[in-house]
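Okay, so chain A shows up in both of these, paired with chain B first and chain C after.
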Partner chain A sequence: MLTILKTVILAFVWLVLPILTGCLFGLFPQREYRKRRSAYLIGSLTIWALFYGLARIALDGKWTLTKLTRVFCILLIVLTILSTGVIIYRWNIRALIRIKSRANLFITVIAALLVIVVAGGFAANRTEEHTVEQVMTMYMTDSLYEYDAMTGKSRADMMDFEKETLDAQKAAPVAAYYAVYVRMSNLHPAKFVRILLPVFLLPFYMAVYAAWAEYLFKHDTKKKWCFQIVVWLLYAVSLIADWSVAFGLYQNCWNGETLFFLGELPLTVLLVLGEKKQLREIEAFGQPYVILYYVVSAAAGQLLYEKGFFFVTFVWGAALAAALIKRWRDGGSLSTVKK
Partner chain B sequence: MEAVYQLLKSEFRQFGTGGISLVLALTALLFLMAEWKRLSRGCRMYTAYAACMLVLVGNPFGYNDISTFWMETSYWKMFFLLLPAVAAAILVTELAVGTKHVWTGALGVLVCAALVAVSMSFQFTAPKLAVPENAYHVEHEIAELDDALRESGRSIQNMIAPRAVCAQIRELDASVNLLYGEDLIERMIAQDTVTEDETEKQFISDCASIVAVPAAVDNQIAMAEKYNSNCVILEADYDDQTLMESAGYDCYGTAGSYVIYFRE
Partner chain C sequence: MAEIDFFYQNFWKYWNGALYLVPYLGCLVYLVYKKDKKLMELFVWPFLILLATVYNPFLMRPIIEKMGWEDRYMRFYWLLPAEFLCAYLLARLVNRKAKREVQFAVGVVVLGIVFLCGSSLVKYIPDDNVYKIDSWVLETSELIAEASKKENPVILVDQEMYSSIRQYDPTVIEAVNNTEMARYMFTDTEELPVDGQYDDHSTAVSLFVKGVEVDASIMNEIFAERQVDFFVRNTRYYSAEYLQQLDLTYVGAVEGYEVYRCAKE
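Up next is the complex of A and B:
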């Protein structure tokens, strides 16, 4: 009974709270992406980004896992209260929970179940993937990146190259993010990572590619569905090809690198491209919501992958350069605002 | 220039070793460029973005700057910026749905499937699907070994064990202390550990000797002595109880195909 309650709370934090948090972006008057799915995606990025900021403080201050968990729980409660308040005042709750097409919902649920069953039930355990060990070590020692997850050696007993590996893991503390949830729920790390995380994370991937389908084929439902089916079949190729952590969506969707390259990076590109018919104008990059998109995507990227911040900044930098070139080509001064 | 071209080529090849081939993604991109006028606004924007990223990332100057400073050994991951799955999926979707007749659509899908197969044929291996043996998704034998180690009630230091054990035992019990972990084994195989320290070099070489020759029980005893290990796990096939006992180890028992030895 207690396990079910814990799972329900975890499901709220992973699946509902991102939607509520994404609704906070509704405070910006000109913002794009006003759909429920967009709120979920941007909300997820925001929670990851907030955790990354908190984790940096925790790592610098040598906090224990328990202390980090307590502070993060407070943050989640504040987010819940704040976003619920914003929804009540600024959003139409009926619009938020309204189901437009029951058929679409039914197909989506069936597809999600199918993907989750393949990923959670049949994808073989890859011994090259070390998230479980990292989470387990932090949970058992109540520390953050103080012990080598693969051997159990403390920092004092480690050789230099082992310390370098640990520091590299510290740079992208995604395992600490999972460890916080394990500490919250006291579930076994292996069960949490291998059974619950696919259930919580695969909807994120599905939402990302559904958003891409929407962006690419706005009014063509047939193409939208076809696109999503093909994407998931393409990722299934890794089930019969040589394993690579970056492509292992079915095998290890929780891995930071996989989540970054196959989930967060496509979402970042979508945020960069924007919803309008043309490239973003140079003025758009000064809008508070666009700056916030960059900040949350860069911080979330860094949480997931060691070079995540660089990748995200590269994409946003390229878009900014393209906007500058466009303005120059159009013959306007860079400081001139188009009417 | 020639050297950079060769390096770019190898990075390009490395990209597709475990997933969607970059050749397939670029074929799709070429298709999208050729069909530019017939594409929807979103597809056009994506094509422009991917072409821009390809130019930015896949040029000799980009290679020199990005690989040496930012991405070090994993420059090939920069090609993820092209979002290969999106490119390939647009191509298949356009071919399958954009035709007037069902049979031409089916033909389009077949051509795409052939393209996927051809672009990745040299990398296909056995399917990686398996029904999990338990809720932890850890091999049953390792779970059995873990139970035995817990039952013994001993504090395990610098345990020497076969690779399969090192890779999974700490997913179940973080109190087990290993001499070397799976990540070090992977690095030993990839030979990408750069160290100038003689002690570290010796340590890596010693661990390599244990992993490479699991049948050499005498070597494992010597290494256990050198690194003060109080637990050695041997595969039953290579077990040599007489030798282990003569070295001061007591056989605690067996778990699956592993034999457990302890020393006080």
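Up next is the complex of A and C:
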């Protein structure tokens, strides 16, 4: 019974709270992406970004996992209260929970069942994937990156290169993020990572590709579904041979690198592009919500992958450069505001 | 020339199934031919920007050297939206205005190409347990936990067990480090430098975990030096005569492995 309750609370934090948090962006007057799915995606990035900021403080301050978990729980409670308040005050709650299409609901339920089958049925034990060990080590030692996950040695017993490896892991503390949830629920890390995380994360991937389908095909439902089916097929029957971590979407979707390259980066590109099917104008990059998109995507990227900040910044920088070139090519002054 | 070779090697490391590069480049050429401005902005121009920047050896070589990203450069190829572009054009192809039979035939051909060209990564293996950890790992962990008097027993295991035993029970401490375990990971048994066992204990232990019957006196020294409490033997390795020379006491067995306490009784 307690396990079910814990799972329900975790499901709320991973699947519902991102939607509530994403709705906070509704406070910006001109912001884009007002759909429930967009709120979920942006909300997820926001929570990851907030955790990254908190983790940096925790790692610098040598906090224990328990302390980090407590502070993060408070943050989640504040986010829940704040976002619920904003929704009640500013949004029509009915619009948020209204089911617009029964067919879509049916397909979503089928997709959810498929996700659970994938999560529950696949043996995902790949020798090069060490998230479970990392989470387990932090959980059992109540510490953050103080012990080698593979050997169990403490920092004092490590050689220099082992310390360097451990410090490199700190740069993208995604395992600490999962460890916080394990500490919160006291579930076995292997169960949490291998059974629950796919259930919580595959919807994120699905939402990203659905958002791309929406961007590319707007109102053509048939093409949208076809696009998504082909993308998932291409990932299942990989383009590339068996070296790839990134293409292990079905095997270890929780892996930070996989989540970054197959989930967050495509979403970042969408945020960079904006809702219109053309590049953002140069003025748009100065909008507060666009700046916030960059901040949350960069911080979330760094949480997931050690070069995440660089890749996200590169994408945003390239888009900014393209917008500048476009304005220059169109013959407009950079300081001239279009009427 | 060596610089170009670095980029060439990375390219093939990523695109070793280069068959998929053909449809991707084909899609790009098609978009240029169609002169669809929006899709050009979305797919073609980013590709050209990438060619001029992160895939440009002359620009990237000094950056990579400065940042120390040699082992990560291949990741840059993940920026290519190959799947997205292929999926986009396939979705359009399948759904173009044609008879239902033609649409169906196109769909079948597309599926055929996808399955024939790719190398399947997804192998369905039924799970042994709810932890998704091999059952012999769980049973070994439990054997050690029962037999151990210490809170954090030090163990010596082979490569296979090394990568998974701490997923279930993190109280155990490995007697070898990652470098020692990985030193001969990709070396065939026949090609192992067996004489290296006399160089130093680190090399000796690397050979031992690959199944080499290292001089028993050296191994007994290593057991004592590293305070190893339990040795988990892969039953494919080491003869019974050899095991008798080691200071070990039999504890129990699971499928494929035997657990020994590192002390003669």
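Note that in this section the second predicted complex is superposed on the first by the 327 of 339 C-alpha atoms of A that agree within 3 Å, B and C clash if a C-alpha of one lies under 4 Å from a C-alpha of the other, contacts with A are read in each partner's own complex, and residues count from 1 in each chain.
Throughout what follows, a residue touches a chain if its C-beta (ideal position, glycine included) is under 8 Å from a C-beta of that chain, and two chains touch if they have at least 3 such contacts.
Just so it is clear, the model here is predicted, and its values are computed rather than measured.
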| request: Judging by the criteria at the top, classify the pair chain B and chain C on chain A as clash or fit. | output: clash
| request: For A:194, decide between first (touching chain B), second (touching chain C), both and neither. | output: both
| Regarding the shared-chain residue A:160, is it in contact with chain B (first), chain C (second), both, or neither? | first
| request: Look at A:212 in the shared chain and tell me whether it touches chain B only, chain C only, both, or neither; answer first, second, both or neither. | output: both
| query | Taking the superposition as given, does A:285 touch the first partner, chain B, the second, chain C, both, or neither? | reply | neither
| said: Contacts for A:236 in the overlay, against chain B (first) and chain C (second): which applies, first, second, both or neither? | reply: second
| request: Report, in rising order, the residues of chain A that make contact with chain B in one complex and with chain C in the other. | output: 121-125, 127-128, 130, 132-133, 136-137, 139-141, 148-153, 159, 161-162, 165, 188-191, 194-195, 212, 216-217, 220, 222-223, 226-227, 230-231, 234-235, 237-244, 246-248, 251, 261, 265-266, 269, 273, 277, 279, 307, 311, 314, 318, 322
| Of all residues in chain A, those that touch chain C in their complex | 120-125, 127-128, 130, 132-133, 136-137, 139-141, 148-153, 159, 161-162, 165, 188-191, 194-195, 212, 216-217, 220, 222-224, 226-227, 230-231, 233-244, 246-248, 250-251, 257, 261, 265-266, 269, 273, 277-279, 307, 311, 314, 318, 321-322
| query | In their complex, what parts of chain B are in touch with chain A? | reply | 17-20, 40-43, 45-46, 49, 52-53, 56, 70-71, 74, 77-78, 80-81, 83, 85-86, 88-90, 92-94, 96-98, 116, 120, 123-132, 135-139, 164, 166-168, 170-172, 174-184, 186, 193-195, 197, 199-200, 203
| Once bound in the complex, which stretches of chain A touch chain B? | 118, 121-128, 130, 132-133, 136-137, 139-141, 148-153, 159-162, 165, 188-191, 194-195, 212, 215-218, 220, 222-223, 226-228, 230-231, 234-235, 237-248, 251, 261-262, 265-266, 269, 272-273, 277, 279, 307, 310-311, 314-315, 318, 322
| request: Flag every residue of chain C that touches chain A in the complex, lowest number first. | output: 13-17, 20, 38, 41-42, 45-46, 49, 53-54, 69, 72, 75, 78-79, 81-84, 86-88, 90-92, 94-95, 110-111, 114-115, 117-122, 124-128, 130-134, 152, 162-164, 166-168, 170-174, 176-179
